[in-house]
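Have a look at these structures, which come just after this line.
Shared chain: chain A. Partners: chain B in the first complex, chain C in the second.
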Partner chain A sequence: MSFTILAEAKKIAKITLTGEIDSLSAREFQKEIEKMAAESPDELVLFVENLTFISSAGLRVLIFAKQKMGSGLAIYIVKPQESVIETLEKTGLQHSVNIVDQYL
Partner chain B sequence: MTDNRIDYYPTHEHEGIKFRRGHTLPFGATMVANGVNFSIYSSASTSCTLVLFERGEAEPFAEIPFPDEFRIGNVYSMIVFELNYERLEYGYRMDGPYNPAAGLRFNKSLILSDPYAKVIGGRDTWLNKPNWDNVYQYRSRLAFEDFDWEHDHPLETPIEDLVIYEMHVRGFTKHESSGVKNPGTFSAIRSKVAYLKELGINCVELLPIYEFDEWENSRESPTTGEVLVNYWGYSTVNFFAPKAGYAATGKFGMQVDEVKTLIKELHKSGIEVMLDVVFNHTAEGDHRGPTISFRGIDNKTYYMLTPEGYYFNFSGTGNTLNCNNPVVRNMVLDCLRYWASEYHIDGFRFDLAAILGRAQDGRPLSNPPLLESLAFDPILAKCKLIAEAWDAGGLYQVGSFPAYGRWAEWNGKYRDSVRKFLKSDPGEVGGMIQRVMGSPDLYSLRGPTASINFITCHDGFSLYDMFAYNEKHNEANGENNNDGANDNNSWNCGWEGETSDPAINFLRHKQVKNALAILLVSQGVPMVLMGDEVGRTQKGNNNTYCQDNDLNWFDWTQQETNADLYNFARGMINFRRVHPVLRSPTHFQYWDYVGSGYPDISFHGTKAWNCDRSASSRSFAFLLCGDHAKQGIVKDDMVYVAMNMYWGGLHFELPALPPEKKWYLFANTDMPSPVDIYENGQESLLANQSDFLVGSRSVVILIGK
Partner chain C sequence: MERITFPGTLDSLEGIRQIVKEESQRAGLSKKAAYNLILAIDEIATNIIVHGYEETGNEGPVDVLTENSDGKLTVILEDDAPPFDPLKRELPNEEFFNKPLEERPIGGMGIHLTINAVDEFKYELADNRNRNIFIVKTGDN
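For the complex of A and B:
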């Protein structure tokens, strides 16, 4: 009789975003994503409770993250404000991410 | 990300902005590594300056004249480095002679929009008051092309299987009864996809979504005091940019994503997206109109000009795009290719398409190069191409539009025949027989798929109004009721306008159902006007181009108040879907080529196998043999349709079925809802299998199974 355990730790990348993501701050966001992509995480968790606005450039970073880290990447957007949810919905991005109240 | 190839290093500098010689193609502004490639054509200008703005700023942050060596042929190009793609707005100043008689109207004091811009800023939110003092009203911007389409691609539904729904983006959800977020936008349509699916349509044809200015010719309505605007949008500012004011995200400049998201979602539900495109004229009007782009960039290339340098007006709107100039032809091609490939558009309906077949001097061409190029284009190969085969200059080509085996047409004769037949005009049976067969008299070689069948469209009465008004009532448009067509072939059923008379209202509903029934059992491709399925009314206005209000908006409460119409429309559309015999890709041949004992189509009357086509006849019936469905490839039921537009009931002798089959009633418009139509598969077995009393002004549909 043999007994084996297969265990694999999930690699999780966490970023907290505050204020506004406009075209300028989106560049910093993107640099951060590029750095994390090198680690090939399974999940990308964005804490956005205090994010008030996300521009087109900011949304593009999310698309970029998927392209960079592969479609297997799960993106969690934690506690987005109504305006951010609306922007995600209107541009159809809400289907590509998981909007959650808290990340466990 | 950064491509450090040597050829992308700047070679020039102007006021601190670095740039270099650019690529001549593609035209427009294209993102390249570290910079933006600008390229623009102008045959007659003497010099050109690129003007750059930070989004929304009153003054440009840079004006860079193209060095002479950057001009190859008639194309100016340069790559500018380190621009903020998202915040950038750009335009051009073109210098050259001002000599209108020679077709030259250069004015370097104006900042001009790029004909190839992919996004236009300046009218970002519908009816937000623009700043009229702005030096640059319609601002060219860049579009990102990184949209996540997943596995989506155009649906390529066979054209004979389409049921087209002609929709106005704003009007569909703007009414407060729509109950959606962001009413009146691309985004809001997504909340109504389930409705469209249930209705059964599988293609939406959007009224113009190219950027236009709703404020164009805006004024006050004399009857209501409301502001009248360009609501329909047949006045293009730019051919590549979607209308920002139709996007909930227009104020953030994200309209491109919003449109693509809508298309992706419609495709997921099996619904194609067709665009109504307006290549016959632009928003610049005649010599008194504004100079936005084309006029200032290369007037004599883009417009058809009279020998005196004035504008030909085949479009009825002031100018005529010079479609068969090789440069303009390429722009049209580039534009449609862009929409087909970047937006996954499934087809195009060309407004006043006869103009596309005119030579540069206005003569109709026998072999118009633009129409031929579109028909054989490799990228547009699977797109539906539909012509509105006439123009405002008197060229009428229904049945004779240069088709190259590809083009379909809005069949204006279908509309006229059915309308006259429905109001019991004499002498219409012969024409109706052609119309229900897909108009072989017009399209003998092209097949029924050349015929887009419609009874109503945005232009003219709504279907309900067809039976509520004898005359147009366009006073609210502010032109003393002189605008709009007078040949409506409508009949008010005995009272002009709204009435509480139940007999008249029953007849009106019956006539709407008759129209829908005929439309959906005709061979060819049916098109339904948005709202006709719930009895939408324009209160007798047959030219609502300027009405941004209840005259145009879809009132969702009518889905309840006119539930009988909605139920009937849904039933008929789905009837067409489940009966392939109604959707033949080729013309019927009047004989039995599969050995079923019945010809593919046969015509009948009060006597079976005997159709009265005389001038006094107002009724006929036809029988489709299901064994001949789709050229005999698939099996279907027998479908029998009797149409009686006589003002009294008539007994129709039914053709005998094979012994194993029986007649079932699917629809009888003479009956009150809900027994006017049955669910597919639950048709009612007829007690009398040999004879059916078809009521006055009624359509009866039977199936033999």
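For the complex of A and C:
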């Protein structure tokens, strides 16, 4: 497997994404989001320090999360690599998520 | 041109990215240029596999052709899915990207990322095969 998910669903949903998210691994990511959506979290925190690649399929899961968990959901993206930040910016997603160095 | 054939299934994506990564390194592309090319190819390969094969109930290959010459790295994806020109689709405009996520249509980002990632992106139909052509300058000419 090229990426792993450590899930802990309370009001804050936390997921660690590592490796590469393409259309195949995005399907697993989406399943995890679907499970977490049942708990109606207020925040979705994605730890992505070791995420080296994300395609539009992965970005679509973020959009899906927002649509599934409600517009009040705050999404935090913790420590993204430069290439990941660039992809978020090219698709305008940086306005809808919080890119942070650390999640407190 | 060198040709490597992959089955048209999503688990081929990783291998396709690997080939493109190796070719990018051989061609001396910067890390950023290589990443962008890999992203572009992953996006189009995904479209071929999901929309061209899976959704139409077809099966077939994705051929990856590479050539590094004349100061440019050319990568071509060839497939036998129904003819589809990605450039014919309406591209997302500024309004699309300014929309809040919850109001956004779910598609359209992949082709946008592709076009912005390489120096040239072309599509042609040749011998009834789709050919998606990606060209990146290697800067050594």
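Methods note: the second predicted complex is superposed on the first by the 94 of 104 C-alpha atoms of A that agree within 3 Å, B and C clash if a C-alpha of one lies under 4 Å from a C-alpha of the other, contacts with A are read in each partner's own complex, and residues count from 1 in each chain.
We adopt the following convention: contacts are C-beta pairs under 8 Å (C-beta built on N, C-alpha and C of every residue); 3 or more make two chains touch, one makes a residue touch a chain.
This one's a predicted model, so the numbers in the text were calculated from it and none came from an experiment.
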{"item": "Joint occupancy of chain A by chain B and chain C, clash or fit", "value": "clash"}
{"item": "Contacts of A:Asn50 with chain B and chain C, given as first, second, both or neither", "value": "neither"}
{"item": "Chain A residues touched - chain C or chain B, whichever exceeds", "value": "C"}
{"item": "Chain B versus chain C as contact partner of A:Ser83, first or second or both or neither", "value": "second"}
{"item": "Touching partner for A:Glu20 - first (chain B), second (chain C), both, neither", "value": "second"}
{"item": "Which of chain B and chain C A:Ser40 touches, first, second, both or neither", "value": "neither"}
{"item": "First (chain B), second (chain C), both or neither touched by A:Lys66", "value": "both"}
{"item": "Partner chain(s) touched by A:Ser96 [first = chain B, second = chain C, both, neither]", "value": "both"}
{"item": "From 163-171, 199-207, 217-225 or 235-243, the chain B stretch with C-alpha clashes against chain C", "value": "235-243"}
{"item": "Residues of chain A contacting chain B in one complex and chain C in the other", "value": "22-24, 55-57, 59-60, 63-64, 66-67, 87, 90-92, 96"}
{"item": "Touching residues (chain side chain B, partner chain A) in the complex", "value": "84-87, 144, 146-148, 181-182, 185, 187, 247-249, 252-254, 257-258, 260-261, 264-265"}
{"item": "Touch list for chain A against partner chain B, complex", "value": "22-24, 26, 55-57, 59-60, 63-64, 66-67, 86-87, 89-92, 96"}
{"item": "Contact footprint of chain A on chain C as seen in their complex", "value": "10-11, 13-14, 17, 32, 35, 38-39, 42-43, 46, 49-50, 96-98, 100-102, 104, 106, 109-110, 112-113, 116"}
{"item": "Chain A to chain C touching residues, read off their complex", "value": "2, 20, 22-24, 53, 55-57, 59-60, 62-64, 66-67, 71, 83, 87, 90-93, 95-96"}
